[in-house]
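Chain nomenclature is as follows: A, B, C and D, assigned in order of appearance, with residue numbering initiated at 1 for each chain independently.
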Amino acid sequence: MQASANTDHGEASAPLAGILAEFDGPGALKKAATRVRDAGFTRWDCYSPFPVHGIDPAMGVRPTILPWIILGMGLTGLTIATVLQWWTNGVDYPFLISGKPLFGLPANIPIMFELTILLSAFGAFFGSLILNDLPRFYRPIFSSKRFRKVTDNGFFIGIDANDPQFDPNKIKTLFADMGTMGVEEFYDHDNRAALPRPIFRVGMILFLLGLIPLAFAVKSRHSTSSQPRWHFWRDMDFQPVVRAQRASAFFPDGRALRPQVEGTLAREQADKDPHLNQGKVNGKLVTTFPKAVLPLSMEMMVRGRDRFNTYCAPCHGRDGKGKGLVATRASSLGEGTWVPPSNLTDARIAKMPVGEIYQTIRYGVRNMPKYGPQIEVRDRWAIVAYIRALQRSQNASIKDVPEADRGKLK
Amino acid sequence: MTNELSRVDFLADDPTQRAPLVSPDLEFKDVTQTVCEVAEKPKPPKAWYVAFGISLALTGMLFSMIAYLIIAGVGVWGNNSPAFWGFPIVNFVFWVGIGHAGTLISAILFLFRQKWRTSINRFAEAMTIFAVVCAGLFPGIHVGRVWFAYWLFPIPNQMEMWPNFRSPLLWDVFAVGTYATVSLLFWYFGMIPDLASLRDRAKGKIGKLLYGIFSLGWSGSARHWHRYERAYLILAALATPLVLSVHSVVSFDFAVAQLPGWHATILPPYFVAGAIFSGFAMVVTLMLPARLFFGLQKIVTMRHIENMNKVILATGMMVGYSYAMEFFISWYSGAPAERFVFINRAFGNYAWAYWIMVSCNVLIPQLFWFKKLRRNPWVIMFVVLFVNVGMWFERFVIAVTSLTRDFTPASWGYFSPTWIDIGMLVGSFGLFFTLFLLFLRFLPIVAISEVKGVMPQAHGHHEEGH
Amino acid sequence: MEQQFFPKWTNKIRNLLGAGAGALGVYAVIFFTYAASPKTINVGYQPEQPVPFSHALHAGELGMDCRYCHNTVEKAALAAVPPTETCMNCHARIRTKSPKLALVRESFMTGKGIPWVKVHDLPDYVKFNHSAHVTRGVSCVSCHGRVDQMEKVRQVKPLSMGWCLNCHRNPEAVLCPKNKVTDLAWKPKESQETLGARLRKEYKINPPTSCSTCHQ
Amino acid sequence: MNHPNPEVVLNDDRHLGPLGPKILRTMGGLGLLLLIVGLILGITGTEGGMSRFLFAYTTGFAFILSIALGAMFFVLVNHLTRAGWCASSRRIAEITLGTMPILAVLFLPILVSVLMGYGGLFSWADHGIASKDHLIHLKAGYLNPVFFAIRWVIYFAIWIQLSKYYLGNSLRQDDSGDPALTSRMQKWSALSTLLFALTLTFASFDLLMSLDPHWFSTIFGVYYFAGSVIAFQAFGILAMVLLQRKGKLEKSVSIEHFHDWGKLLFAFVFFWGYIAYSQFMLIWYANIPEETGWFHVRITGSWGGVALILVFAHFVIPFAGLMSRHAKRNLASLSFWAMWMLIMHCIDLYWVVMPNQGGHGHGSESIPGVHFQAVDLLAILGLFSLFVAGVAYVGRHCSLVAIKEPRLAESLAFENV
């Protein structure tokens, strides 16, 4: 029997971790394993360079539960794939493509199959590693020099010191009896199982570094920024094309929006119908609405009110009396430049021909700027009609209300 | 040695007994020594440096071209209307096909108890991984904006939309992704005990550290072996249908379309057979020189090579069968478009490609009917190289002939590759060989523990006989 | 001893790695759902404008309708940044000497544009049409928020594709009567669901969700 | 390896003995009776008449042919791979394969109907129909009675030759024990497999695909092949289980062999699922009128119900049922699944053949649905009985184990790991 290498080095102070015996080949190993098993040891193992056929019954190893883990993982994969496809394509973002059903087995089988296999394979790989308690880099048995042969041509049995029946002398006798090629004790030399401090420090630093992006995110979520949104990839967000109302280096004046070419008219600018477009026929302001093209209607009145409230009301007020919010505020500023707007309901304007009101809207008058560019021809007439209605209603008497409805006013 | 080896080979043909799978004069420690020595030599053979230098240069070229592609856009390829699928897809299918042999040898032959696989499976699996790396590259850059490749995965995103799971292109993502992952796990899983061998023999600190980490503290415990074997068996059982599914799904990319020449129901098994065919050809192409360079003749015997040649012949016949079926059924269908497309393949613009394909894939492998020829290294090299070429052209013929002659004669065209196309094809070989040469240099290139397991000594009768 | 290359603590690395991977997973989820969300990245953009125009004063206090200035919003894809002329409708007479308006006056005199900064800026591959929305009962407030209370305009909605799609899939949640689209303070008397359902039927709203709706 | 002495086989009960004539008489008689009743029903013209009878007959014939072809594959592939495990059970396949001449006789009714120009089975055989149909006209170079007859003569010539070669050489080895016979059979197995693949493919096109002369599918030969292997694996398992019940083959065929037969059955259940899915999914997805009609008929209405039964009962359920090691190592469950698969394979063929009756396979607007009739069962069961009788006839004098097969010892020692 060989003396333990550890005693030679004077390291006997390390606790004994177990006893190791080498055997000559798989056959001898199997026989020895049967004896060790029958002797009633529980914390021991055989070690060999390849799986020895028939060693499991010899050692009394029971079948592993691994297949069940893998089956479970496989079914999980199948479920994930089914639910994923059904939910994403069938429910959350239903999108019809080439007449295929949103969720119909023929086209969904490949992914179900692949994910089943993928998760099963994970189950086999990680499951067996976890069951085998791998990775485990430090093992007391590795301290035996002889044991290095285990990955070459060595066949070993090791009995751990924590076996209830562990008795070094008895075991050595047992091994010698089996015809071992050599017995060794092996020791647990390293008694510092705790993780070294620097690892914690590195972990702490990583944790803190990880917080930085999150802190930025929190800040960005709860504050405003004068910088535009982040473009991880600029991609086609900004295409080199001319965009309306944006600057463009392509034109010398730097404007993408092109002014009308001088001396030209757009089709709708053509003055084919002076009554409609100018409110003036043969140099005379018209007194009638262009009913031929624009018959008066309730719809037009509603439209006129809407436009009036948008464009006119800021100054003239919703009742047309010139007390709009802008006008009021401008007056309160007391700047000498401001001229208050007219009261649209007074008699002067009530008597004005509609053509003149139309022209005022279009071209402006005195202090009033022109609204031609902002308001379309038809809308101008609608506004004129609405102004007429305002004039009537602001100067109305009880007689103007239909008899049936008079009661409601009281 | 030669006598021993030829005895092994001779025994293979004798039905009255089973020949040993590796040279019978080997002991366990010889196997460990022979294989580990390759990775432990302080310096590899000169040829390795030369090959590595060339491969690395080509890889550099590949990645510069990819960089150029990303900056300039996919217009640098020859892909254009009507052939939107040009070299990138052809290369993708080609490399995925190559990537089938490894898992096939590992998984299917494992399940079929073809024990001769143990000598070559590691090698073939590594080849698989590297081929899949090359394959995955092409669809990745084919999407144009590579930084959006994550759109292919169902990740909740700010657009609140999902990928279309009914599209075969997405099936591809899942199939190739699963295949790459499972192959990698399978390869690495099988390597753990052998990495432990290297760990236990390592002299230097770096070797001890790296082999130590990657062998995960493997101790050869029987309880571990028990679960390990079970897991390995199940991984093999899972990988088998996976191998079928991957190239089937790749074939769906074509076959679900209505395009004549693409839409054929035989495409899935035909693609799988073609993939195994090309994959085996590539394994033999690499194995033949490697066993000489690294002195593995006793472990990878001529019989292994011959067996692979038989598989090449068999799958070559299956591919030939599919060509014949497609041709016959296109006539039998009576559909004018179907009939036209196959006549066009054989006699149209791309007839040259078609006949390269047929001669390389169907005619040349017929040499393997003869025992003498399938054992002659020069003949073998000749055949397998042509098979590699032929299988590339097969994908080219399928993708390009159909696209350039579709239903609308107005859109017919002719596809010509640009120099970037050709450079990337060549560069992908560079990448493949770079990875492969690194594997040869640093990892156990034969499954040491598995070879030991099929040696006669492993059954425990050996020592009794003495 | 030299056989034991790894110290004993390395046996804990597995659990450490497991915990690390778990933590990384949680971190990734938080990062993608919170930090990378358009609500974090896009909302809150409030650029400095060349002229300190206050919507809160004009649209809020003075009650001016949105369309007084953005007068193409019902007819065109663009809501239109008003020409300087529109400013001068009033400011030819009001605050004529205000230094804040110097740029406006200069623009009016020279015809040079005021370099307004676009706040609600969609990517260029998206086509958004204002008229299609405001004439069908989608209020300005749905996308722009209470601009009438903003001294300086800022983006309050993510304007991401998912956010657009949410409305397109479920327009009931935002529809309002057509004549109330510019009334930012308007609140329905009935519940929004019943109103939305009624208006959707009445206005025949059926928003498309196909790609080509916005990516033409 | 510790090989047991192959001599144990010699002590085994490995001859049919009186069982052979008994099976021959009962099954042969039953088969003839059923067929004659079926034929009478056909002639008297009950529902569907002669056409119905011939369709049912074709289903039954395709069924028994597939078992024999599956047996051929089993023999060939085991020689091709030099398999050792099957040495003790391969004779069952060789005997099944030996029925080829009988199948040739049973094919005659179909051949006669074609040569007579009868359009009730193969519409292309009727000149009147064929001349009006543009597509059939285009294919007339292939689909015509004379060429059909020539092809079937070639198929059967090859099949009978192969069956004689492999059964004959194997029987010869029982006497001489010459290992060279094994070597020779191995040598020829590659070429034989090639012939097998081509003949099976075209036979399936002729017998099944051309029932609907408009439809085509490149994978159809592989589809029929997958079903054939399932049919034979199931048939072989059942045959061996029944023989063991009669006290035969008890020492030569062990649970390890059944396990491997079960594995092959399982593998081909999966393979069939793969092929069937490939064929269906691609046609369903592309949805082009040239092809999709065939499936349209078969996945709508009551035929759709049969299609669903096939999905679940031909693939999903047996796949789950056969997955476990225990299911394959328990003879009761293994024979249950074998029986199940045999019936399912028959339903599969019924589903392929029957919807064509009455020309509904192509062009017709209405979809007929399943109309099961007595004549269907009579023809299918009648042919199957005759087939079993044929197997008993071939095997009545020979050993059920190849007693001098050189790898017999390896096979007997075989253990699944």
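The rule is short, and it goes like this: a contact is a pair of C-beta atoms (placed from the backbone, for glycine too) under 8 Å apart; a residue touches a chain by one contact, two chains touch by 3 or more.
Bear in mind that the values here come from a model prediction, so they are computed numbers and not experimental data.
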Which of B-D and B-C has more C-beta pairs touching across its chains: B-D
Chain closest to the middle [Cα centroid of all protein chains]: B
Whole-Å gap between the CA centroids of chain C and chain D: 69
Chain centre separation (chain A, chain B; CA means) in Å: 38
Whole-Å separation of chain centres (CA-atom averages), chain B against chain C: 52
Per-residue multi-chain contacts in chain C, two or more chains: 5-6, 11, 38, 165
Residues of chain D whose C-beta touches two or more other chains: 281, 285, 417
Shared interface positions of chain B, touching two or more other chains: 160-161, 212, 217, 241, 252, 459, 461
Chain-to-chain touches, reported pairwise for every pair that qualifies: A-B, A-C, A-D, B-C, B-D
Residue ranges of chain D in contact with chain B within the complex: 1-2, 81-82, 84, 134-135, 138-139, 142, 179, 182-183, 186, 190, 194, 197-198, 201, 205, 214, 216-222, 270, 274-275, 278-279, 281-283, 285-286, 288, 290, 406-407, 410, 417
Residue ranges of chain A touching chain B (in the complex, touch as defined): 24-28, 30, 33, 45-56, 59, 61, 64, 66-67, 70, 84-85, 88-89, 92-93, 95, 97, 100, 107-108, 110-111, 113-115, 117-118, 120-122, 124-125, 127-129, 131-132, 134-139, 141-142, 148-153, 156, 233, 235
Interface residues, chain B side, partner chain C - complex: 155-161, 208-209, 212, 217
Chain B contact footprint on chain C (complex, rising order): 5-6, 11, 32-33, 36-38, 158, 160-163, 165-166
For the chain B and chain A complex, residues of the former touching the latter: 27-29, 32, 145, 147-148, 154, 160-168, 170-171, 174-175, 177-178, 181-182, 185-186, 189, 193-194, 196-197, 199-201, 212-213, 216-231, 234-235, 238-239, 241-242, 245, 249, 252, 448-450, 452-453, 457-464
